[in-house]
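The following blocks contain the structures, represented as structure tokens.
The same chain A turns up in both complexes below, where it pairs with chain B and then with chain C.
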Partner chain A sequence: MAFQILLNVVLAFLWMFIKVSYDPISFIKGYIFGLVIIFVLRRSFGSRFYLFRLWSFIKLIFIFIKELILSNIAIVKVVLKPKLDMRPAIFAMDTELTRDWQITLLSSLITLTPGTLVIDVSEDNRTLFIHAMNIGEVEDEINSIKNSFEKAILEVSS
Partner chain B sequence: MRKTNNIILETAIKVLLFFIVLYSVYIFTAGHYYPGGGFIGGLMTAGAIVLLLITYDIKTVEELLPVNYRILTAIGLLFAISTSAGSLLFDVPFLTHAFGDVQLPILGELSLHTATLFDLGVYFVVVGVTMTIIQTIGEDE
Partner chain C sequence: MLSIWKRGLLSNVSVIIDFLIGFFILVGSLFCLIATIGVIRLPDVYTRNHAASKAATLGVMSILLGTFLYFYALEGHFNSRLILGIIFLFMTSPISGHLINRAAYNSGVKLWDKSVRDDLKEYNKKIMKKSSVD
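Moving on to the complex of A and B:
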């Protein structure tokens, strides 16, 4: 991804040198032409075309906002109930993510959505220990995290 | 004593450290026209190094930044003294500062002031003294 962006910037500069006009507008023109060329030749790179990954990242942000609103409503329901019948629990979740920044991002997203909180990461970075404020079924909780955040992060880094 | 897994803290520090140091450089350079200056910039840089010390241990940070902070303090004092005493060479009183506009080919017009060098000395002294205090307390067994 970084290599593709660098190549695109170099192509934009090359366009400026060819046109002998050094202003931002010619840079933007060259950037757009370079984007088209990289899109046509996208199969020659090891990774995906970088605009797709950017789009996945924007999708991840929207998933996060949606989860934030939904879980806040759930917490408000729990707080305003006259009876305290919530079931706090700590459960382990095996993650498929391997790299440091992926695990950090996933933990931050889980912690920022109310109701769940990462308290520890295991030694081999394979398991997250999560505290849930009001747990129904452990499997449901794990599945909801896996389907929303983990899939989106994997999509960004693929 | 089992070492805990600090993966989240370490990854966050790796990213945040550069932002903190860049902001401290901005605070240092803004001191002439806006709030800021050598003292607060040096404290903020020292704060970034303290964050590193919290994340890793003292030996790792010494490998990352092989700086002797006592010598850094001395260099800062030397900067402050020499920029103050440099005015004596031009037959003007001690601590008189000179300034002027310089035309550079790419950067355009820069207004240079010798008070910046004095401030750089203050910056080095603050970083050196803060880190010396923290390291000598931290290395006590």
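Moving on to the complex of A and C:
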């Protein structure tokens, strides 16, 4: 991905040199033409076309904001309820993610989601221990985390 | 004719922006208040941490966003430090919540009586050969 962006910038500079005009407008033009060229030649790179990846990253940010707002509403509901009848618990969740930054990102996302907070990551980085504020069914919780965040992170890194 | 229409539209926009600024700041302070109530009311460290690390994050973030909008819309001053503050808060507050929780767990702070299950305890016993500090 970094290589493709660098190539795109180089192509934009090439466009500026060809046109002999050194202003931001021609840089942007060259960048767009370079984008088209990289899109046409996308099969010759090792990774995916980088705009797709950027798009999934933006999607991830929107998921993040949505979950943050939902989690706050959930917290407000629990705090302002007259009776404290939630059922806290610590449950284990196995993760498919392998790299360190992916696991860090996943645990930040989990911490900001409705009623879950990461307590510990196991030694082999395969299991996350999560404290849930109000646990319903453990399986459901795990599935909802997996379907939303883990998939989005895998999409970004693939 | 055009200028009247334009003025009407502009005043509409500024009303909307005023509304947004007020909304962000009010909602932010409300979330901070609720986080404080949560910290006082909830029974143990872990559940308190839920309230502190989430509601306060969103509360401070929306107050900062309201401040940013105020200065941008009414004074015409684009303050990028507020945006940076929002991003840094977004990045660091979940990690600090996690670290506080982890330190509490490892130093043997007990869960609330009504907690349902504790997988980490079993894991520590089985694999780490470490009995939890009591």
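The definition used in the following text is that the second predicted complex is superposed on the first by the 157 of 158 C-alpha atoms of A that agree within 3 Å, B and C clash if a C-alpha of one lies under 4 Å from a C-alpha of the other, contacts with A are read in each partner's own complex, and residues count from 1 in each chain.
As a working rule, a residue touches a chain if its C-beta (ideal position, glycine included) is under 8 Å from a C-beta of that chain, and two chains touch if they have at least 3 such contacts.
Just so we're clear, the structure is a prediction, and the values are computed from it rather than from any experiment.
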{"item": "Per-residue contact with chain A, leading partner among chain C and chain B", "value": "C"}
{"item": "Partner chain in contact with A:47 - chain B first, chain C second, else both or neither", "value": "neither"}
{"item": "Chain B versus chain C as contact partner of A:103, first or second or both or neither", "value": "first"}
{"item": "Contacts of A:76 with chain B and chain C, given as first, second, both or neither", "value": "second"}
{"item": "Partner chain in contact with A:56 - chain B first, chain C second, else both or neither", "value": "neither"}
{"item": "Touching partner for A:112 - first (chain B), second (chain C), both, neither", "value": "second"}
{"item": "Touched partner set for A:157, first chain B, second chain C, both or neither", "value": "neither"}
{"item": "Chain B versus chain C as contact partner of A:148, first or second or both or neither", "value": "neither"}
{"item": "Which superposed partner A:123 touches (first chain B, second chain C, both, neither)", "value": "both"}
{"item": "Set of chain A residues, in rising order, touched by both chain B and chain C", "value": "107-108, 118, 120, 122-123"}
{"item": "Interface residues, chain A side, partner chain B - complex", "value": "100-101, 103-104, 107-108, 118, 120-123, 125"}
{"item": "Chain A to chain C touching residues, read off their complex", "value": "68-69, 71-72, 75-76, 78-80, 84, 86-92, 107-108, 111-112, 115, 117-120, 122-123, 127, 129, 131, 133, 135, 138"}
{"item": "For the chain B and chain A complex, residues of the former touching the latter", "value": "4-5, 7-8, 10-12"}
{"item": "Chain A-touching residues of chain C, taken from the complex the two chains share", "value": "31, 34-35, 37-38, 41-44, 46-47, 49-51, 53-55, 57-58, 91, 94-95, 97-98, 101-102, 105, 111-112, 114-121, 123, 127-128"}
